[in-house]
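One structure follows; several queries about it will come next.
In order of appearance the chains are A, B, C, D, E and F, and numbering begins at 1 in each one.
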């Protein structure tokens, strides 16, 4: 166990999922993963992107932003529009769509908005984890309103980051871990244990195939544990 | 007492002020006024706007935005840049500056960012009310860090909305009140009972001088009561 | 009488209203209030904002901008899009709508564009004062063309600024007054003497209820006098 | 003589030049060419574009925009930023710079802002004609203030449009002429009778070398006549 | 013959036209004029600009941009949106439209995109020269697909720049010529020898009518020679 | 062997690398991977991003865009600024930086601009493959000019896409493969066989760990083969 990390290499930070955090949108979930705090709200609108008009299918999309005071340096509000947040928005959208049967949706769009209230590493994975619960509630609502057929949600989806710090594989990187990591891998998996996204990047040190395997081995049980918390949240 | 309003004409909604809601910025306050919920964070940066460079004074500014899921219709993130939010941002900035001695600040800027998490009327007044507590903590922090002289905060400041609904003056309008109101007046006052801002607007029905007086009479004790809650928050 | 001001505390600057200043739009009015000069043109277009489509009602909106050479420092053209001008645009729109029966308009929009040719204080009030005359002519034109029912204009509307300079209440602040004022109050009233907008702001010194009353007492007869000039202009 | 045109083929519209139209900028000129009305103001700022810093030379630049109500269809304010106005802005800047000795200016910029108040054809030429007078006054002011050496203005510059309507060459096209013209040629010349810009465009019908010659023959005396009016204006 | 120029005053640079350079668009032409290299692609889309809807006519438009690495200083990608490129885009569009019978097109738009791969002077003329060949192929394609009537292309169009360097008229300016030139004239002519555009600008030294004539005399045979190469390209 | 694919599952498309394609930038490389064609130019500027000022280190960054005519539907030029291209730009930058010792660079920035001339799948990998060669030449140039210490380039880097089509793992997906693929994986590796980026995404069907392994097994020799071609290019 690392002194400064305060938990085992394969240990998640304490996770808390508050469902129905606000009541203006059908889905609204506040997640805490350690000090990281993200609010995911899922809205349903009766339209689809232009290129889907008259397709008879619906759409699910994600948007990610950091509140100005969520980090140690103030983040200008316009930054939601820059490269990194847009990239994360796209990741969230793809991850959630991977477990939705868009054919079962009317021509509606589910917008899953993820706002980081406090950032301490792993915000994109927290966004996906909360986003799925919010999506679940929004699809339920849509099904109840007759805007979607039953069974539009095919599976659950959850995410975690893993990384190599001084050659050691660590689960669920907080900000300090992240700064120290030579490799950062985000993994998104379904409830059935299949992968939806694998994004590994090495700015400092390239990594070997064996290291990739070790990181994936660490991520899998972590995601499973998060999935259990998601299930628990929606069954409350 | 109005049946649908569920409280007296001169009664505030229940107010809850959570100080230190996040820990990434020196000031961070979550306020609830009824169902309205606003997060105000106050950051301190070591620079001032270009036109103040080398003035030897600091600056205090505000920014207001609504989270995409904070209202019943999804609000696009780019909307923070449109007329109404910008106007409210300016109001917040002026209101807070009215109780700060900018000469006692080094060339620093205090950014008070107000994000509406759930909107049910009175969001701009909630932003000012929470913003002042966040500002208090940020100035305290700046004084401790030697970035401001003692006594930079001159007084407290608080705000409330009042309005005329079917000719009756009501305190602290929620969304439903607001929709029904023929006149909407926002009042910002200091702890000494002086006015900082008075903004009354009649889109539906112009109002008489007597009605303006009645509204102001209603606002004053309301603001005083909020001021007591602010004092209580900072003394905890 | 103040030496440098050159007129009584309760005296308006000389006002000149030139109706039909240009002939490309149904309404076109140049106003001079002392050295302040504003051109207001009112155009009519056969459409309404998206959210009003199929409402069977029309819309009136305002836009305010300063020409690059209208002030002592050059104003970049893009500034029309920043906070202050947008806020004034919204004020103009609300003020004019307060005296129009939108139900009597077909689905048309009256755009009242106010361009400041020379700025010497009170530009927003000059814009409203000229804007109303331009609006009058545009609605007349619309009624003649069958795009509006008779009686769409319910009343006149006019505006003035008042302020406290060294504790003294002054009417119709020019730029020098405005710089010296501790409080600045803009008042918009109808021909019937009712208020449409009251916007008081104290960046320097908060003000008492008694001072607010004194300022309002000063504004009322000033607005009435402007209203007389408006009436005279439209009867020529 | 064309009936609908109401003047000879080689006749200018009535021209009026009002110098010192506003007093906030060192140069300020209102020009009327028939119904076309343009305000040109010339401001002086103590800086130059980035690429000229430390060159020891000054800069002259132009900006062209149409007021929203200057044409028969409302022009959105953002249009100043689109292709045609930007192209005209560049033309104005080049034309004015052609008669200025930039080496005689300190590191200052003269901004000549041309706002079309009413458009009836020939607005770019009106802008150059008024712009030169405003530039003259701004350079005079700069020389008086010690920001430029004597003799910074080398010559005068003026512009006119000519065009072919049904094969006939016409001088000083108004809007109706312009719509009917198969070729449109803008010519900018100095007081010494040299050319600064020649811009001929044929959207409808290509033109022969002989027709180009005929148009240039028509433009020359027209520009000379305008130059006389400019001289007269600055000698008042 | 100028030593540093390496060719006669009336000599074109070596020109190479590669037709069908890419195969994703119906027209695709790479042109080399000396070291200047421009790729012109012509796409056909089944819509027209808003103001042409239901006109029963088609549209032809051009867009010009420089690749970031095409010049000696890196050009930011956003620059395609600034004054000079937009002005050139408009020139290309007008030049090409001058030889198209828009009435023979269905409601389609031909976009001729001109990207400068390497810039060594004369890029706008190279764009027109390549653009016409690409347009030819796109219209052929459109006619074959039944989106245009036969004979929609009325003539060919080509362009060249000429200029005065130390009083001598030079044909087809490369970058070094251009920097040295006191006058720069771009001429666009049809296959029948008629002019479509004449754009002469003197930033350094105004020019006389005689000099203009000399430049035009030089341009004409140059354009004719380019026209022959265009014909050759489309006949291959 | 798939009939429509025309090559083995583990076979690369024909690759051609043209070094020194243009001569305005120190690095300039055209790559063809089958019908996909990308131009990568590497420019060197004597500055670094603001946050690196006075760090004594240099920077390497990438930018990716598609030419308007590079795909079957015209791509508006403004699209370079949207989510997908920005994400790819970031990938290119990270990949190239992974093999550069930034400490050996002066405060310079190497901009590697990748413009897709023709898109047929795998454009981001082609951009990295060509980008590395351009980067090599730019760093060589910088070292020769004394703007970088010897040995700034640590290794080579190359990329390939692999994917699952109907359960079969395919190397180097072209557009048709890509459309059919249920999983798309981009792999970036160094010359030493270490991984820099692994980006796998499943929009249609989640994938198993075994499938991921199979895809990685396919990618490795493909990247090695490309690396050989890169080496060959720089040794010419």
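By our rule, contacts are C-beta pairs under 8 Å (C-beta built on N, C-alpha and C of every residue); 3 or more make two chains touch, one makes a residue touch a chain.
Computed from a prediction, not measured in an experiment: that's the story for all the values here.
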item	value
Over-half contact-pair match to C-D, picked out of the listed pairs A-F, E-F or D-E	E-F
Whole-Å gap between the CA centroids of chain B and chain E	59
Cα-centroid distance, chain B relative to chain C, in whole angstrom	27
Centre-to-centre distance between chain B and chain A (centres being mean Cα positions), rounded to whole Å	33
Geometric centre distance via CA averages, chain F-chain D, whole Å	50
Residues of chain C engaged with two or more neighbouring chains	none
Ring topology as an ordered chain list, initiated at chain D and continued via chain E	D, E, F, A, B, C
Of chain A, residues touching chain B in the complex	22-25, 28, 35, 37, 39, 41-43, 45, 63, 65, 67-74, 77-78, 80-81, 111, 113, 115, 117-119
Residues of chain C that touch chain B when the two form their complex	82-84, 86-87, 89-90, 94, 97-98, 185, 189-190, 192-203, 206-209, 212, 216, 220
